[in-house]
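Next come the structures, one after another.
Below, chain A partners chain B and then partners chain C, in two separate complexes.
Then we have the complex of A and B:
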């Protein structure tokens, strides 16, 4: 299985290459990708140098252009696709059908991948994207079980890529409006979920209060781990009880089920975290590289000890193994 | 943060020395550090202050000293501040000096430090995130930067820094052991108390459920309900 790793800066891309990535995915420094954080992402020149560096080490580079264009300024997204092709990236990750059509018509030789933001989770949807836009790979939403992934792989004519490590989403990828409700900006349109400009942390005695816009998202006791305040991972009070109503702040880690994912026909494993630092990327990519190499040698992969890096500092296998059912 | 305890690192032991160091010397070191940083990593300042210049307060929790950091593409500034002269800043960053230095060099993950509460942030989160991202995009090597400052004495400085790092690690190890010894009896007692509290919480939850069940039986018993709703009036 191909190891697809994140990079938010050129230094992170170098770290991913050094740590054993097969592919590094990144985005331009604007709203065309779903990690549009301040100080993050690549200029055109930086991406050109990054691609050159990666290719020297036999590592591929994918460009994420996976937000939905806003009416009247589609040219920003079109320019991202044109420039990515001119720079020589190995694939473009897209979600919007208008952009897929644009890329297919303007750059028929470009390899197109379907972003998780498109939420294609069934056979007919995936076949539609393949038939209409010649999509060669689909990044599956994090709602599918291992059995469903194996079934899909036996029925569809494209490769599948699944999330292997990192922050979880509330599993309404490409359709979630929670961030927009709280801040007016969303991952789908602006490329950023819960933008940092709307985030505040306040110290109250021994407690830390996290806020997003006008909403209090969580109040942490002194001995609790802190998280980034997204509405989906907020702790709220309902019916006289307080708790994580939507989702707990925990991270995905599938190290223990890599052989099963390979057997299910998965072509690539994606590590989440373009917004994270190069120390995170080095550690996570190295751990997964070692696990995949062990499996390739016919040995069992050991469970990683990466949970100190994850939000909530705990991990889950998410929907792949639905332990709650 | 006024009520929190200082971080237990070797820098804490050096606090009296640092606190009583001549102000002019501390200011000179800060000026030199910032000039070196600006010369060698100008991209950080350009990237992060793309939209606006801003100031931060950096507060190492193991030093009796705070720093005023102004991020400006052309005229950045780093200087010590005293509690008596608070200045308006966009955000404040609190954390032990070793963690802050590792973060500066991209050796630690900022999010992980933050999730574990090693670092704390107040104020404009977006500016802190932008600075973190810009710093992470550079290859910053403090040891080289410091030893290069000594010019032709660079090899000697490098050797001294190596020795200082070894000493620092030994000291940190010893301090951790001392802290563990001092707190072990309290931790044991706390562990026992937590266990008892947990058992009592469970017992209370069981009791609560049992009361709820019994209350439901009393209120919604079909027999009682049927009698109330459908029994004929008693004309006797």
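Then we have the complex of A and C:
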């Protein structure tokens, strides 16, 4: 399985290449990608240098252009696609149908991947994107179980890539407006979820309150570790009970099921986290490289020690195990 | 200006069969509604409960002169659900609403409706679906008026629809949160999502109303209410207006919006009447104004929630 690793900066890209990535994915420094955070992402020149460096080490580079252009300013996204092709990236990751059509028409030889943000979660949807836009790979939404992934792979004419490690959406990606309901900014339109500019922490008696826009997302006792108020990982009240209604503050980690994913026909594993620093990238990529190499040698992967890097220090295999649903 | 179409959207909640049958029977007798959606959008597990009544319900509504649209699932996750979509999209003589790309792809050679769960944010994507036999396109809740206006200018043939009343679907998941809130798993859910007619209220730890859970779906707590901007939407080129069903008297709600669309009452009167109805509702219109979706700009002289 190909190891697809995140880079939010040139330094992280170098770290990922050194740690054994097969592919590094990144985005331009604007709203055209789903990690549109301050201080992150690549200028045109930085991407050009990054591709040159990666190719020298036989590592591929994918460009994420996976937000949905707003009406009237599609040209910004078109320029991102044109420039990525000119720079020579190995694939472009897209979600919007208008952009897929543009890329297919203008750059018939470009390799197109379907972003998780397109939420193609079934055979017919994937066949549609293949038929209409000749996408070569689909990044699967985090709503499918291992059995469903194996079945899909037996039925579709394209490769699949799945999320292996990092932050985990509990909602179907690309179909969630929770963030914009509270803040006015969403993954689809702005490339951000629960953006930092709308986050506040307040001290109240002995507690810390985390807020997003006008809403309290969590209240922590003194002895609890205060987390970032990602909306779907908050504590809320329903049916006279308080708790993590949607999901605990956990991270995804599939290390323990790598052989099963390989057997299910998955072509590539994606590590989430373009917003992470290079030390994190190094550690996670190295651990996955080692696991994948052991599997390639016919040995089962041992559990790696990535837990301390996980959000809230606990991890989950998410929807891959049906019990999660 | 062409006559505005008033649409009753699909029932998003797991109402029992009698309640649903009564609801559609009332619509059949109601002259203010032009189009009515039937079908399950949220969870395939609910479908067997009402499927047996669907042919009769559809026949009765059509006999009453209504345009009937069969809505389909918003999230299609396995081979069984994929097969369902294949089966439904082959049904002849019925207008079908695609809420997932799977259905949209299968409907491309016949007139159909593109539902609000399909991501249409810009002119190119709008034109793509319009060129592939979409006769009506219902826009996502998140779009601001500026985008809606741009899409109206791009429009060649498809009707453009916007939801003007009801809680807004904000997310959908493989996980059932109605079941999870009661310590249950989706496979053994006991259909607890049916216990709340308008969804399970979700508040912040500071007791501020926030969201509403409906099985796999998470909706806004606030009810979108766009009466104050309906004139602008009509002027921009929006010709279809969706009401999303709730447990209050939807015939009365429909009558109010019909009067507003025909410019017989104003938004203030509509809002006052809604507030007197026996359902506690906070209103919002933030998305339309490019603000957080929970915000309300058009207070219409009322106290903002």
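Everything below uses one rule, namely that the second predicted complex is superposed on the first by the 319 of 325 C-alpha atoms of A that agree within 3 Å, B and C clash if a C-alpha of one lies under 4 Å from a C-alpha of the other, contacts with A are read in each partner's own complex, and residues count from 1 in each chain.
By definition in this document, a contact is a pair of C-beta atoms (placed from the backbone, for glycine too) under 8 Å apart; a residue touches a chain by one contact, two chains touch by 3 or more.
Computed from a predicted structure; not experimentally measured.
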{"item": "Chain B versus chain C as contact partner of A:279, first or second or both or neither", "value": "first"}
{"item": "Partner chain in contact with A:88 - chain B first, chain C second, else both or neither", "value": "neither"}
{"item": "Touching partner for A:189 - first (chain B), second (chain C), both, neither", "value": "second"}
{"item": "Touching partner for A:157 - first (chain B), second (chain C), both, neither", "value": "neither"}
{"item": "Contacts of A:213 with chain B and chain C, given as first, second, both or neither", "value": "second"}
{"item": "Partner chain in contact with A:319 - chain B first, chain C second, else both or neither", "value": "second"}
{"item": "First (chain B), second (chain C), both or neither touched by A:174", "value": "second"}
{"item": "Touching partner for A:259 - first (chain B), second (chain C), both, neither", "value": "neither"}
{"item": "In the superposition, chain B vs chain C on chain A residues touched", "value": "C"}
{"item": "Those residues of chain A which chain B touches in one complex and chain C touches in the other", "value": "none"}
{"item": "Chain A residues within the chain C interface of the complex", "value": "68-72, 74, 95-99, 101-102, 118-125, 127-129, 131-132, 142-144, 148, 151, 170-172, 174-178, 180-184, 186, 188-189, 209, 213-219, 232, 234-239, 241-242, 245-247, 319, 322-325"}
{"item": "Touching residues (chain side chain B, partner chain A) in the complex", "value": "1, 3, 47-48, 106-112, 114-117, 120-134, 136-139"}
{"item": "Residues of chain C touching chain A in the complex", "value": "74-79, 81-82, 85-86, 100-106, 117, 119, 121-129, 140-142, 146-147, 150-151, 154, 168, 170-177, 180-182, 185-187, 200-208, 210-211, 213, 218, 220, 286-287, 290-294"}
{"item": "Chain A residues touching chain B - in the complex, by the definition given at the top", "value": "8-12, 37-40, 195-197, 199-203, 205-206, 208, 225-228, 275-280, 283, 308-313"}
